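The following pair of complexes shares a single chain, chain A, combined with chain B in the former and chain C in the latter.
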Partner chain A sequence: MTRPMGARGSAAVPVRRPMHAAPDVRQHHARAVGAPPKQRSQRQRRRRRIRSKYLPYLLVAPAVVLEIGIHVVPMLVGVWMSLLELTQFHIQDWSTAPFVGIDNYAATVNFHSETGKALLKSFGITVLYTSLSVFLSWLFGLSAAVFMQRPFKGRALLRTLFLTPYALPVYAAVITWGFLFQRDTGLINHVLVDQLGLVDGERPFWLIGENSFWALLIVSVWRTWPFALLCITAGLQNVSTEMYEAAAIDGAGFWRRLSSVTLPSLRPVNQVLLLVLFLWTFNDFNTPYVLFGGSAPPEADLISIHIYNSSFSTWDFGMGSAMSVVLLLFLLLVTAVYLMITNRRRIHA
Partner chain B sequence: MREGRGERIARWIVLSLLALFVLTPLFVMVSSALKPLQDVQDDFTWLPSTLTFQAFVDMWSTVPLGNYLLNSVIVSTVAAVFSVSIAVFAAFAISRYRFRGRGVFSVAVLSTQMFPGILFLLPLFLIYVNLGTATGIELYQTRLGLVITYLTFSLPFSIWMLVGYFDSIPRGLDEAAQVDGAGSMRTLFTVILPTAVPGIVAVTVYAFMTAWGEVLFASIMTDQDSRTLAVGLQAYSTQFQVYWNQVMAASLVVSIPVVAGFLALQRYFVAGLTAGAVK
Partner chain C sequence: MAAALLTGSLAACGEPVADAKTLTYWASNQGSSLEFDKQTLAPVLERFEQQTGIHVKVEVVPWSDLLNRLLAAATSGRGPDVVNIGNTWSASLQATNALISFDPQAFDRIGGKDRFVPAALAAAGAPGKAPAAVPLYSLSYALYYNKQMFADAGISKPPATWEELVEVGKKLTNGKQWGLAIEGANPSENAHHAFTFSQQYGGEWFDVSGKPTFDTDQNVAAIKRYIDLMAVDKIVNPSNAEYAKNESLSDFANRKAAMLLWQAAGSAFQAQGMSPEEYGIAQVPFPANPPAGGKKVNSMVAGINIAVFRHSRNLEGAMEFVKFMTSDAEQVALNKVYGSLPSVKAALADPAFAAPEQKVLAEVLNSTASPLPQVTTESQFETLVGAVMKEQFANAANGKPITAAAIRAKLKAVEQRMKG
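Then we have the complex of A and B:
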């Protein structure tokens, strides 16, 4: 059994050892060095040990440096910015921005002021949007996964079709939905008004006014549910068929199998899936930004687009940062509480 | 285990409704791209009155789509290649070494994924602008700035997926190579990488898709010259009149490469995406 890499290469690479030495070497593989001259082998051993001590750090260094540079540092800068009066007058040279302490935060959470009221309203919309979107995406994903558990003709094709919205670039998908929702030339009104006659009188607007919230929700579910399908399908592959067989022998019907076998087995998957969906949807910026062309109507003013607009339209970056930090704290709190509750339940179960 | 009649009917109904939901916008995208302009300016029709590829010709001149496409290709390709190269080394370390900070690193890397993008958009914007004026390293409104930003977006998940793939490669292979005298790096390049090729391809496609589809940072960090498709495609709607057939044609063209890549590799994505979640 010869291997192509053999002994060529640098002098530090020791001579090839016969295979029968393998078991011994396996135990101390960091010292897989040949027996020859004792001194040399010791030096090599030490060099190797030093190298293998620092090597992992060296290997993760580029990733760590980049993540710190592009994520951690800006986040800390963001916290610092939230303590400044960083308005348009100080953008050019932000070292001149006056330090205002927690003033931005006070204004952000003062629900009697205009800023606070608007933020609270946007927060409420986002909570409703996220709950509905996550629940529907999960429900759709679960239904499709359960009904596709049993092989049937065309299953692979159907699964591929279902995954397509997830693979589509956000903007292409959302722009297409924007076309569907056009008042005069879109498909939705054509079907609802012209073909089914469900709406009396005026054609409804979908991208402004009250309907915009529902339009946004539909697009969000369309884009999100394939991910739930993906995760739940993978989770179902770990459920043994014996459990279903046992349930069938006990005479369990569809709902009984779902509640006694499928859902309990999916608990670990659901725990992660629901959290991830929640965080993604809560932070969703792309869908409203592309669907409404930059500024969302008040009925669909999600938190991230609200922060974006209050930062870049008024150029008050200090206030925008304060809002972002409050958003982050809220998400951290929810995540911590969620993990605590679900983990405790898992232990008791 | 037999399937009841009611269950079969329910399955048929649920899957059909979901297929209809998924398919409708995709169908509209394709059919409208093949319509003459008149068709998309009147009442909606399901099918084109005449089939034409005119929209695929006209879309290049309505907005500078060629430039946007070129920018997206360059930015996404470079970001994907660097992201995966960096992720390979990090994932190798996490998969094959026990070192202090290993657990912290994995958690930290994943949690950055969960933070609101808006939180570091504002500071990063100011950092890039100020870095440019202070040192002359232009990251604001350049492709380089986008590359660096995007590669950090895909990095955490790329590492996570690659650790999953590397973990599934038996350690016996490493050890056999080490017995043969290969060092760590040589083990990585001659044993692990060749075995993990499908995983690496899948991760590359994932990193490419991440950069290709990013909207938030692209909307702030680009100018007319560095604009990518994510922002550029929206330029059609800022025109006085929206040529929806061209918009759909352009959407179709920019979607096909990533959708094809993803669907071709879906098997590996499912393995990678769920490696951690299912465990």
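Then we have the complex of A and C:
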């Protein structure tokens, strides 16, 4: 750095000062420093290079700061908590909480202990629930989007109608589902049992027992599929009609067009959509919490509720954090493997 | 996620108020709605401001949020000065050391320890320690019964034993109505009954050192007795297995069930259109032949305590407010509206608490009520054992047999989870 300080200062001036004042000031500075013209132009070029080198970082900085503040710091705090015996005795002053190292993790993944067994069972239920919910939401979204691809009368109305669940506040919607699923007074049983007579004998329960899993799945799909519809509809806008015309000339039927034109064109959309749906559904807390209250039936004991109960109801935040971190690692692993596989396939394709 | 939730709720807390002329007060939801409570408290707080010049900012916090909000306030050292707490949380919150202890000096500042009803004071912290709170509203369980239904079935007096309750329950159960309504999917309600039954069967949920003793014969028998009201005696509508939002209270008020075990339900019945003449109140039954070691307990000491956060910037004012809220006059005024009982002896003498309902509740509270175990893991007991019972009710409702062995296995499993 052999440049005099004054010259560096002048670089900032034209940017900060009002435009009309800039040339004068720059000249004045240049004269004061006494730099020959040739040197000046070289310096300007270097300055521009430096500016363009830092500009991207500058633009990204606010996002990075917020990302660190909102996501990374709480995550690291969570990791720290998971290494402590953080019970009600210590929550007021975390420094007094005994450092237990990986004890919480050992209890979490010790599948012979009751804590580990319960977590594993909850994990299994969540995997099944997520797979079914994501697949069904995607399937419904794709079907609806494809059928509404060509303009017809009332298409806008139908699209709006289909998107309603996505626009409703989750609490109000799920509370309503809770009413619908009630055994004696709910609409579901009224239709199934009283009007259609589909059920022999006793009225079924939906909010407790084995059916509670299916009740939860129905609400989840109902809430999620409009988002799939939205994304796939947007993705279909980019499929050129020429490809469909060419396919039609080649004599391709509906299924052939779907598998050879629509689905391959949607691949980038689907790749992101499925991942996002998976992560959202796996972590979904509101739906089960509002539908069942704090205590979910064992058949529908999703991992988010399970962890909530392990930390808030039992006041053991260290254990809850350890479970959260294990969950986080699992989701990171799934995401990484998924992206690796789908990206490789795209390159090969 | 726990961290995210904690940080999330931290952000929701207000800044502590530094001046001596304001207080922040979190009230629990005692009436039919948050708005109702706000209106009930407004004139009370105005009187306090007139007397002391201290303005109280009140927020009525729903029960579903209160404990989490308290935990967040304890963690962050920010939030309210004075709070209401469920009295069963006293020992757990005491352990956080976030609340001031009511040692003799603190009691002197609010008018002395002797003013309070001893049973209520026993549910304000771990035994042998200075209480972490003082009682504000007191409640106990009672048996509510529909007089007309009893008369129609030719029953002259309410059951005094569980055997009698089953017998009259069967008479009262027909195509239109059921003998008893139960809040089967509500873990807390379940746990409260688990406590009472266990006491009557001579059991304990925790030993003297505070360690859980869940899977004892007495506790298994206690839970089985309660579940069997639906599973074996069939005097409870199986639908009650999914009740968690006070539907059993509605069933009773809407004449779908003849009996209900509840705490101070009168004002809620009124809100649902059932007048006080329509129902009678009796004590919760006992077993006809008490098992060995069985205790004469037929209710928990239920109630709400008032506590002061150590982090308060206006401790003087906070103590002044506790003194005011537990004064005879305000105790009468508030408990009258909420249908609960005063926690100070002098206020209990007021004619407002001579109604049949309050008389029964007071009788129970003074003689046969016992506090839930004042141990730091009490809320775990409610969550875990309450959930086991919810699952058993679900099995009973679906026609699966309820066995002592299955209950024991479940209790054993949750006991191990408590130990980590």
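The working rule: the second predicted complex is superposed on the first by the 281 of 349 C-alpha atoms of A that agree within 3 Å, B and C clash if a C-alpha of one lies under 4 Å from a C-alpha of the other, contacts with A are read in each partner's own complex, and residues count from 1 in each chain.
The criterion applied here is as follows: a residue touches a chain if its C-beta (ideal position, glycine included) is under 8 Å from a C-beta of that chain, and two chains touch if they have at least 3 such contacts.
If you're wondering where the values come from, they're calculated on a predicted model, not measured in any experiment.
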More chain A residues in contact - chain B or chain C: B
Contacts of A:R183 with chain B and chain C, given as first, second, both or neither: second
Touching partner for A:F89 - first (chain B), second (chain C), both, neither: second
Chain B versus chain C as contact partner of A:V269, first or second or both or neither: first
First (chain B), second (chain C), both or neither touched by A:F285: both
Contacts of A:M81 with chain B and chain C, given as first, second, both or neither: both
A:W214 touches, of chain B and chain C: first, second, both or neither? neither
Partner chain in contact with A:S313 - chain B first, chain C second, else both or neither: second
First (chain B), second (chain C), both or neither touched by A:Y338: neither
Chain B versus chain C as contact partner of A:T233, first or second or both or neither: first
Interface residues of chain A shared between complexes with chain B and chain C: 74-75, 77-78, 81, 91, 182, 184, 283, 285, 293, 304, 307-308, 311-312, 317, 320-321, 324, 327
Footprint of chain C on chain A - complex, ascending: 74-75, 77-78, 81, 87-89, 91-92, 107, 113-115, 118, 182-184, 202, 205, 207-209, 283, 285, 293-295, 297-298, 304, 307-309, 311-317, 319-321, 324, 327
Chain B - residues contacting chain A, complex: 1-4, 6-7, 10-11, 14-15, 18-19, 21-26, 28-29, 32, 40-44, 86-87, 89-90, 92-94, 97, 99, 102, 105, 108-109, 112, 114-124, 126-127, 130, 148-149, 151-152, 155-156, 159, 175-184, 186, 190, 209, 212-213, 215-216, 219-220, 229-230, 233-234, 237-238, 244, 247-248, 251-252, 254-255, 258-259, 262-263, 266, 269-270, 273-274, 277-278
Chain A partner contacts - residues on chain C that touch it in the complex: 1-7, 64, 67-68, 71, 74-75, 77, 92-93, 95-98, 185-187, 237-239, 241-242, 244-245, 376-377, 379-380, 383-384, 386-387, 390-391, 393-395, 397-399, 413-414, 416-418, 420
Chain B partner contacts - residues on chain A that touch it in the complex: 3-7, 9, 12-17, 19, 21-22, 25-26, 29, 32, 51-52, 55-57, 59-60, 62-64, 66-67, 69-75, 77-78, 81, 91, 94, 140, 143-144, 147-148, 150, 158, 160-173, 175-180, 182, 184-187, 189-190, 194, 222, 226, 230-231, 233-235, 238, 241, 244-245, 248, 253-254, 268-269, 272-273, 276, 279, 282-283, 285-286, 289-290, 293, 304, 307-308, 311-312, 317, 320-321, 324-325, 327-328, 331, 335
